[in-house]
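After this come two complexes, each holding subunit A, first together with subunit B and then together with subunit C.
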Partner chain A sequence: MTLKTPVSLDTEVLVTGVAHSRRRRQLRRTTESYAFLAPTLILLLVLMIVPIVMVIGYSLQSNVILSKNGQFVGIQNYLTVLGDGAFWKATSNTVVFTVVSVAAHLVLGLGFALMLNSTLIGAVPRAIFRGLYVLPWLFAVAVIAVLWRMLLAPNGVINFLLNANVEWLASPQLALGTVTFINIWAGYPFFMVSLLAGLQGIPSDLYEAATVDGASSVQRFWNVTLPQLRPIIVSLLLLDLIWTSQQFALIWMTTGGGPIDVTEVLSTYTYKLAFAKYDFSLAATAAVLVLLMSMVLAVFYVRHQKARD
Partner chain B sequence: MAMSVQTRRRTARIGIVIGLVLGAVFAAGPVVWMLSNSFKSNTEIFELPPRLITDTFSLNAYVAIFTNPETMRFFLNSYIVAGAVTVLTLLVAIQAAYAFSRFDFRGKRVLNVIIVSVQAVPPITLLIPYFGLMVGLGLYNTYPGLILTYMVFTLPYAIIMMTGYFNTLPRELDEAVRVDGAGSMTALWRVLVPISVPGIVSVGIYTFMIAWNEYLFALTLTRTIDMRTVPIGIQLLMGQHSYEWNQIMAMSVLGSIPVLILFLFFQRFFISGLTAGSVKS
Partner chain C sequence: MSRVGRGHSTARTVLGAVAAAATLVAMAGCSSSASPSGSGDAGGDVTIEFAQWWEPELPDGQFRALMDQFESENPGIKVKLVSGPYASTKEQLFAGAASGTMPDVVGLDGAWVNDFASKGVIANLTDLMTQNNYDESQLASQIKVDGSTYMIPVVNFVYPMFSNDDLLAKAGVTAPPSTRTEFADAAKKIKALGGDVSGWVLPLSLEAPNGVQNDVMSWVWASGGSMLKDGKPDLTNKDVTSAMNYIDGLWKDGVIASGSFTMKEQDKVEEFTNGRVGMMIDSLAHINLIRQSNPNLKFSISAIPAADGYTGQRGIPYASWGIGVAENSAHKDAAFKLVSFLMSKDTNSKLSTLAKAFPGNTQSTPDFSGSDELFKKAFDIYKAGYPANEFTGLPTAEDLMRQLGQQLQTALDGQQSMDDALKNAQTSWAAAF
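So, the complex of A and B:
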């Protein structure tokens, strides 16, 4: 972003002098930049790079953390984890939980954003509704988990309203759907807030031109609104895929991965290996596999963000 | 023709209002129920038919939380940890964002990619080495252990949001000061930071929210009851007194208030700052 002014090349002395000072200035800028970045870099090195190297190291050894004499076992742990049916069950649960949550977040978030952006309602009701819709976003997962456990209890208010008597979180048929529903409730506001900002950034002359051309409101939505929101939507989808596939707390506090393993996701599976079975080697292996999967999503996300710059 | 447009608008408005109300019940209903139950007696919470407004309105559950030194300790811990994380994250992120926004330097693109991709590193991947690291460094079950851990998750967002915010401010502002001979530090803290208050506030709130609400590391990197934070405290309450729903709900309400207040007062800054940083178009 620096302006590269063409240097006039009158004499040799001047050329070397300018080149020299420019190089020096550039060097000084780089040094100065790194001085500003130093705390960030140190933190990322100690708390990100070192731990990732450590966890990969753990995954290649047996008996790590608890005993001091870990032994190098190569890919043995990987064969064990990849041969474990529970790992694949957790993977498929993670995919279902994530894909359904993310799709619903987008639909709900976009729907609410469109309603809130409508010119048919006044500014005050709009502000009130927006405040209410944002609410779930502001609560800690711990609060969301206990709140829904109360609502969904067999003698709770949901069963009363539906005139049902269902064990929402304890039934093998319903538990995965139920935790997914709770996650949908907790996560759509991020989409809504971002898409609302996106909607407000669409130039109104685009709509006017479309109206003049005789486009109906449905056509305006498909041909103006969606294409304009597309970059935001892709960013949000990728971010949400990354976050949701890593969700731990909500599942841990509502079902703990049960009943049996119907809500076991990769994070709870890994956590249990480490802190329930104390097999830190296998846990590290599962953690590395989770990291690899996330990195695939990260590559798409980084490429998308760069394309938008 | 004019009539039909008017009728159509009216139908559309009715449709939207119905949609909005249904959405509000979906979004806020559970929260209202939580609030309502925090004022009930435990027998009334599961009484049928359920009642939103209670006969037995009482503040007993709140009094129980406030008079229990254990639960008060959870709050103290959360304030210390989330407060420290917010201040430190801002200090570090503002400097990094300044470099990213105002300088061209070798390695900038690579670092940018690293900071964006760090957001995708799963917490569960870091959990196991952190456990080993914190025990090894003597930071297990301490404030610094939690604070450092949280910064890894708050820092990337804070840097990206803050860089986005600085990019919206004209370079001439701080460059003029630097040309006059002042150092970059002066340009940043005397010129750029004071006019960036809205951006800093929104980044600060987001950071505080993440730190206040965090569960996985708070669960794993602390051991003793006096080091637990509010999210863990709520779970402990649930385990110990699984029939005292009014206390669990009161604790949940109290545990949400700091974030709600921050959001309420700084909503405008927060939403514009968040979207400017993370979802710029």
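So, the complex of A and C:
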């Protein structure tokens, strides 16, 4: 893309009635173009570039933010964080939490979307189911955390219904699975709604042609539905991987990263470095590492979007 | 035609320039809001900001009324209250400390003081007291770092033991336990009642790890023990080890309510209020809440049980509404006048009465005449013992609680011995000092 607008000298003279030198005209056009872009560029600079550069800068210093005498320490903070067993435990938990959540979001979202798109269900039940299934998406994360803490409490509704006394969130063996389940419950409607829109955009001709060719319903699903949904699915997967890997509020409000460290993820690890240990240098370092991991996914996402265009 | 063309071109240029200028103005507007706190008004008045979590916890309008009284007694000084819940006040203060925009006067928790003081974001109150010829002998306590005061506790909330009278009676326990053996025995008898009833409740959430301070370390302090030696961590001494092994025994006996590892203070209070636990260690501040939530609950308070045979004074955990002055304040004198006002005999009596807390001024006396009789009893317990909270003033105090909490969870879960848990906690604590 170029910022210059190709206008011939003669046309400009005809339109404006003023003859300027080529250099001056070029300068004016360039200035004009940047003036139009300025608001966006300034916002981008102030809201994104500057904070990111500052955080990277903090990660290369010691005693930042609260202290006024930060010192440049190079990659020492990176060596400290990467040498911390808690960081790797948090990374491992993040991977498990993210991969299981995203996979379940896809399976559940696709399943519900297929059901809601099916002609086997009448219009009224379909509307009711659609309303019910989309409900988790309407709650704020804080509400979801409080709601599930109450439901899953040792004296809560779930244990009452199961006639059990299971410590769903407080057991080191169950906690990671439980918070992952809550995250799955909270996040599948995004997939469901997006995939339902995708399903409704698939031309019926394709199904008719497949039926004429003798394809079974399973074959139609694998050879028509999934290929048609593939661009949406890939986009959703990449976005969800980025979002879920940065989930903080849900885990913080349900388990605080515990019991012990079984639900510690990168976001809670970073938060504790900043607001419990007040080590903003190491927190910035952990944040930069998370940024680098997210950028890998972001690059895949952008490449996928460009390929679609 | 040429005029039209030129007009479009000019308009486009002007539009672009205006848009750019507007953006710059907007940015300038954003940055101007980050000016240092406190301001001198046109009329010569000084406005000081006071950030705290106290106003929402007091009856409506009462704290503002105290500020109005201060303003009338100190013409030329206005107080702008910045009120919010405890957690958001904490985050706001740390954000203010980072950006140099901390409000002039700040409500402080003892757990934050060392970190704020060592970073130089709160003012040295010893200097301010000297400059203002303040008589510090009237203060019940001062929180010091390196010998200088940085926080003054305005009022104190103590944490005695609450016991459910009905559950104790049903279990055949005639009086609240006074020793560890009696407590363990009562807890077992309550648990034996069956159903979902437990003897004790122990919140060990790592999100809000203050259970380590109030519910765990209180056993050490109640028997005159200490977790520090010469100001340094001493978690492996016999007093701490004895208390932790005692808690481990209660855990193994199954008398502690389920869900400890993610339980927070409010969950603990809820369990007790709903009659599902026989005993808990909790703040006096929750008496009204318990009465409102369950008017039929019969409960009493007593001193935290001590080790068998212990006859010395019992430490009773407490939490404070502390106060300090921001180092970046442009009106430190006005700010200190507000501190002095809140610590004055009459104001402190009034505030402690409103908060149902114990005063930070030794000459103040709370008026419990219209309050629950338990406050009077708590005051007697408080007077018979001594306030104990060794986390106050320690560096990264909340993180120290979290580290010990994590080691305790590992030990209670059977993944390591209690001795190893204390050794590991000692090592991680030592790194913070």
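Simple rule for what comes next: the second predicted complex is superposed on the first by the 270 of 309 C-alpha atoms of A that agree within 3 Å, B and C clash if a C-alpha of one lies under 4 Å from a C-alpha of the other, contacts with A are read in each partner's own complex, and residues count from 1 in each chain.
To be clear about the criterion, a contact is a pair of C-beta atoms (placed from the backbone, for glycine too) under 8 Å apart; a residue touches a chain by one contact, two chains touch by 3 or more.
If you're wondering where the values come from, they're calculated on a predicted model, not measured in any experiment.
> Taking the superposition as given, does A:258 touch the first partner, subunit B, the second, subunit C, both, or neither?
After superposition on chain A, A:258 lies in contact with subunit C alone.
> First (subunit B), second (subunit C), both or neither: which does A:172 touch?
second
> Which holds for A:39: it touches subunit B only (first), subunit C only (second), both, or neither?
A:39 contacts both subunit B and subunit C.
> Between subunit B and subunit C, whom does A:107 touch in the aligned arrangement: first, second, both, or neither?
Neither partner.
> Now for A:209: first (subunit B), second (subunit C), both, or neither, which partner does it touch?
neither
> Between subunit B (first) and subunit C (second), which, if any, makes contact with A:67: first, second, both or neither?
Touch status of A:67: second partner only.
> Give one of first, second, both or neither to describe whether A:142 is in contact with subunit B, with subunit C, with both, or with none.
Only subunit B; A:142 stays clear of subunit C.
> I'd like to know which partner A:164 touches here: subunit B for first, subunit C for second, both or neither.
neither
> Looking at A:82 after the superposition, I want to know if it touches subunit B, subunit C, both of them or none. Which is it: first, second, both, neither?
neither
> Quick one: name whichever of subunit B and subunit C touches more residues of subunit A.
B
> After overlaying the two complexes on chain A, where does the subunit B footprint on subunit A coincide with the subunit C footprint?
Of subunit A, residues 32, 36, 39, 43, 65, 149, 153, 155, 252-253, 275, 280 contact subunit B in one complex and subunit C in the other.
> For a test of understanding, state which residues of subunit A touch subunit B in their complex under the given definition.
Counting only subunit A, the residues touching subunit B are 1-2, 29-30, 32-34, 36-37, 39-41, 43-44, 47-48, 50-52, 54-55, 58, 64-65, 111-112, 115-116, 118, 120-121, 125, 129, 131-136, 138-143, 145-151, 153, 155-157, 160, 185, 189, 193-194, 197-198, 201, 231-232, 235-236, 239, 242, 245-246, 248-249, 252-253, 266-267, 270-271, 274-275, 280, 283-284, 287-288, 290-291, 294-295, 297-299, 301-302, 305-306, 308.
> Going by the contact rule set out above, which residues of subunit A touch subunit C in the complex?
Interface residues on subunit A, with respect to subunit C: 14-18, 28, 32, 35-36, 38-39, 42-43, 46, 65-68, 149, 153-155, 165, 167, 169-172, 175, 252-261, 272, 275-278, 280.
> Quick check on the complex: what are the subunit B residues that touch subunit A?
Touching subunit A: residues 9, 12-13, 16-17, 19-20, 23-24, 26-28, 30-31, 33-34, 37, 45-46, 48-50, 91-93, 95-96, 98-99, 103-108, 111, 113-133, 148-149, 151-152, 155, 159, 184, 209, 212-213, 215-216, 220, 230-232, 234-235, 238, 245, 248-249, 252, 255-256, 259-260, 263, 267, 271-272, 274-275, 278-281 of subunit B.
> Show which residues of subunit C lie in contact with subunit A when the two form their complex.
Checking each residue of subunit C against subunit A gives 1-2, 5-6, 9, 12-13, 15-17, 19-20, 22-24, 27, 91, 94, 97-98, 115, 119-121, 196, 205-208, 257-263, 267, 271, 276, 396, 398-399, 402, 405-406, 409-410, 413, 415, 432.
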